[in-house]
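Given below, in the form of structure tokens, are the structures.
Paired with chain B in one complex and with chain C in the other, chain A is shared by the two complexes that follow.
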Partner chain A sequence: MSRSPDSSTPAVETRGLRRSYPGPRGAPEVVALAGVDLRIERGEVFGLLGPNGAGKTTCIKILNTLLFPSGGEARVAGFDVVREANEVRRRIGLVSGGENSGYGILTVRECLWMFSQFYGVPSSVAWPRIDRLLEVTGLTPLARTRINRLSTGQRQKMNFARGFVSEPEVLFLDEPTLGMDVNAARMLREFVLSWVRERDGRTVLLTTHYMAEADQMCDRIAIVDRGRVLASDTPAALRRSVQGGQHVELEVREGGAAESGSIQAAVGVPVVWGAPHPERGTRTLKFRLPEGGVLGDALRALEEIGVAVQGISTRETSLEDAFIHIVGRALDDEGAE
Partner chain B sequence: MSRAFADDAALFLRAARARAFVRIVGSFREPNGLIADAVFPNLGMCAFVMMYRALGAPAYYEALAVIGGILTTYWVNVLWGMGAQFYWEKQAGQLQLYFAAPCSRMAILCGMAVGGLLASMLRSLVGVALAVFVFHVQLEPFSPWQLFAVFMATMAALYTLGMIMASLFLLYGREAWHTCNAFMEPAFFLSGLYFPIRTLGAFGAVAAAILPLTLGVDALRQVLLGARSPGLMSVRLEFLALCGFAVLYFFVARWSLRYLENLSKQEGRLTQRWQ
Partner chain C sequence: MAMTGTFARMRTAAWLGWQVESNWADPVIFFIYMIARPLAVSLTLAAMYAATRSTATEGAAFAGFYVANAFHAYVNTMVVGMGWAVFEEREEFETLKYVYVSPMGLVTYLAGRSFVRFVLGSISALLMLLVGWFALGVRWEWSGVQPVFLAITMVAGLGATLSAGFLLSGVAMVLTRSAMTVLEGTMLGLYLMCGVIFPVDLLPVWLRPLSYALPFTWWYECIRRFLLGRGSSAYMNTLSDAQLLGAMLAVCAAFAVLSWLVYRAMDRLARTLGRLDQTTMF
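This part shows the complex of A and B:
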């Protein structure tokens, strides 16, 4: 029988959490987590943001009792993930983007029922809950369709619904909207937020590659890289951590003689090349003007070294800017591993 | 009975029922699969019956082949439907969902066993129908209760052995696959599925001691064919041995599952696909 949860304990707490894997053929061991400290309060939507190989999924696996840590401690809903794994399992749900849950021969409704049974939900409770989840995810018309006849997006919605059938206290969403269309992803994000607010103590730990998703959904975010938490705060506070100034994006004509180095010297701040626009023969050039900097001066300096500016846009600091500032590279940059 | 025990028992039964449900639905929902699954596998048994008939062998040889053919159905299900199932689940990325759920892993395995047993029942009934109505195989008068007891003891021993194999797949991928292959044809041979087990002499006795399939075949033949099929041991002894195997295998499977789950979590192989 499950023990009573102590609502005063954090939903998730890790202290010095470490995990390493032996390297292949005598190579040095691979460190996936190098001492992670997290504290997620009940009722929070907490985001783990980091490039590939940062350690997000390893962390989620440990918290879901699927992997032992090499060191440190992790507790979910007040229970130790190693010593009290079964108590943890009674209180968690896991949805991984792109997963294949269920059996093709079952219908969507049957599949969700099957998973509810693995959590001991009585059928009389499970069926109405499943019907509600089908409605929320827009799968009601497909309730009696076999899973092997679903499209990838429909299947992803069903996987998402599966995470809720057991009414977990702590829900782990590992890239949950991966492969979903824009409308479905938006609807599911809204559902998660309403689900968390619906009852006290429900908590979500989200990993995502979509900055906007993290920004919109999360009360707090931890930015992780190479197995360490580099920063943890609210999205607004993370944005503020990047000192003021103006983010400038210029569309400049390609093929100019100026090199990155000379452009940087002219503008006086580091510059980053963005996406090329072959149809217009231009490319995006990004930089952040420090506070007090004058855009007109920067443009004149660029003109003097032969950079032809075709378009200008400016914006406020985004979560992505904060991420790049903290991690030192963008989420999808090569070499993130 | 304590509340904790009642809750755990309810969770066990719900999980086992849900997992058995998949097997049963899987077997009966697709008519094409039904024919391929229930009829075609019995053709091997038919071949043996016709061969014995063509050779003019005593009639009870045909019955031997029928009983062996029926048990083949279950053994194949144990190897590939029980033993290898976690391998499939792991490849599909589904194994982690089982192991992140609070239900006992033994409940999942019991569900697979019960579902597999019921699903294989149809195939064996088709085999019996072919034997009785097409080949007119002759059986001795027998006690249905004795038949039921021996059959259930055999199934319990076979499927609990399948549970041990399933636990191996948590840690080992392709290696365990080869183990399943190794258990297929050699087991057919050592169990004397299509010939009198006594033909194997000392080998037969050893096989009986190792493989519950051998004992099950021998006991069922004694029950259904009477004096025409002298057994390695008495039916009572074989029944007791099968029950003993079932209990032993169950506890070994439970220990092995727990040990290998911990080891694979230590090594990070529980959720690792494409091993």
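This part shows the complex of A and C:
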């Protein structure tokens, strides 16, 4: 039905992609994308990783022909998203996590069938495919339940299945596992990976806030912040970009007199605060000890400025470390500069 | 191939439309909406004219407005239905964006949905005509009916109704939920401006050009002329049958072009503003 993928063109290509939104009443406009260059090859699982407001969803909306860019160029499967929107639409699928979409009056199965019809999938192909997707998402027992009777997570799963009924060439998953329980999220991650592997030249562009998800699923990752791509590489290469050394996590007592500034000076490298543990009255302090650095020296320096260390752990470089190194802050400490 | 594909997709959209429209769990509500309401309108109209009735010609004038009112059911159901479908998809089901980015596209989808509304409008119109014929004496001479002109009139008028539906759907794409009143205001405006319940001659002079620019004014006048044998407007009565039909076709065609241009412009605006996936309580 649809033309076979032309493997010579990348699945997604953007050049200098920009988008701004008018600011609220007189305020300056919000720049969501400030010149993004991406090149995603056929057959890749590609991740966009970035803090809230980085511009990930905006980028996906533009690639899905929902939103015009303010500048630059974007192509999906070789077609321009502005001038050749209809060609793009034949080849894409979209799943947005964390929303409550669906025709409440239809059953799960009917809703999926209907969308398959919107994509011109013959019913004889659509029904077995739908049954398989219901199985994968664990919705088989709910197949004949009306959508307005589903829980949020169940709707989410149906929405996920909807993205696959047309077997799109390029699939956009915007935080697909948001709001799902741990087991469901893991099953669906595995399903996406096998879906891509079993088919030739299918591409997935994924955004997520879960580092492990990005690490496990993506062939390549672009780290975005404030509308710019800061780095783009394989997870392994991103990890490697944080040269050697040791990652240290200290559990320190809260309420010490020392500030981040003096702590940083004492340790001699940038530090990041992690989650507090109110039940123990402590908080996690993370930093990367450079190669050749001696942990004992750092601990002594901290003791001198009155930081009480209650626990120590060290580990290998993770994707999160790379993220912190590149973005300058952790994914979860929102707005921290 | 492409055509049969589009047709199949429209059929699916119509199927969905039927699921949505027929979802009044309660048949009583269905009855009120489909039968009692049009009936109430016709009885009100009859009472209004009965109160002022003094000569035989006024009885004939009543028939003209009664019939126009019956056919106005199409405008009421199809135009409102299409505009409302956009709101409903975006705000209630939150599916507008998925329909929009599917290869079917919103145009085919809305056309499919409008078909269900067309069927509902037909039922409404037919009921009103039946009540008029048997209970209120709104009748016509079968020998005086001009079937060919009347058939052309119906096709053009329904085309204009579909155009208006697209026009309002386009506007609904960029409007927020609170702007639903625009839809209602437009409907009320059409009701008063197009000679549905009183002759356009009664409109203030400065409003008449607008009335003559609307396809429905001509549509209802053509129905009166070709079905009942008698129009309602002094100006349009000076036109011959062929002139009246020609004028209606021209206005309908111009309106269709205009509606399409507005729809396309609104579609682009919605993509510029990012409205297609916003649930708006702002």
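FYI, the second predicted complex is superposed on the first by the 315 of 337 C-alpha atoms of A that agree within 3 Å, B and C clash if a C-alpha of one lies under 4 Å from a C-alpha of the other, contacts with A are read in each partner's own complex, and residues count from 1 in each chain.
Definition applied: contacts are C-beta pairs under 8 Å (C-beta built on N, C-alpha and C of every residue); 3 or more make two chains touch, one makes a residue touch a chain.
Worth saying up front: this structure is predicted, and the values here are computed from it rather than measured.
J.: Mind checking chain B and chain C on superposed chain A, clash or fit?
T.: After superposition on chain A, which the two structures share, chain B runs into chain C.
J.: On the A-aligned overlay, A:R288 touches which partner chain: chain B = first, chain C = second, or both, or neither?
T.: Once the two structures are laid over each other on A, A:R288 reaches no partner at all.
J.: Given the touch rule stated above, what does A:R202 touch, chain B (first), chain C (second), both, or neither?
T.: Touch partners of A:R202: none, neither chain B nor chain C.
J.: Applying the touch criterion given at the start, work out whether A:Y21 contacts chain B, chain C, both or neither, answering first, second, both or neither.
T.: both
J.: So, does A:R75 touch the first partner chain B, the second partner chain C, both, or neither?
T.: Neither partner.
J.: Please indicate which partner A:F115 is in contact with in the superposed arrangement: first for chain B, second for chain C, both, or neither.
T.: In the superposition, A:F115 touches chain B and chain C alike.
J.: First (chain B), second (chain C), both or neither: which does A:L94 touch?
T.: Both: A:L94 reaches chain B and chain C.
J.: So chain A touches chain B in one structure and chain C in the other; where do those two contact lists coincide?
T.: On chain A, the overlap between the chain B and chain C contacts is residues 21, 61, 64-68, 86, 89-90, 92, 94, 96, 99-103, 105-106, 110, 114-115, 117-120, 162.
J.: Which chain A residues qualify as touching chain B in the complex?
T.: Going by the criterion above, the answer is residues 1-2, 19, 21, 61, 64-68, 86, 89-90, 92, 94, 96, 99-103, 105-106, 110, 113-115, 117-122, 162.
J.: Any idea which chain C residues touch chain A in the complex?
T.: That would be residues 5, 8-9, 12, 15-16, 19-20, 23, 92-95, 97-105, 109, 268, 271-272, 274, 276-277 of chain C.
J.: Flag every residue of chain A that touches chain C in the complex, lowest number first.
T.: The contact residues of chain A facing chain C are 21, 61, 64-68, 86, 89-90, 92, 94, 96, 99-106, 110, 114-115, 117-120, 162, 166.
J.: Of all residues in chain B, which touch chain A in the complex?
T.: Those in contact with chain A are residues 2-4, 7-8, 10-11, 14-15, 17-19, 21-22, 25-26, 29-30, 92-94, 96-103, 108, 262, 265-266, 268, 270-271.
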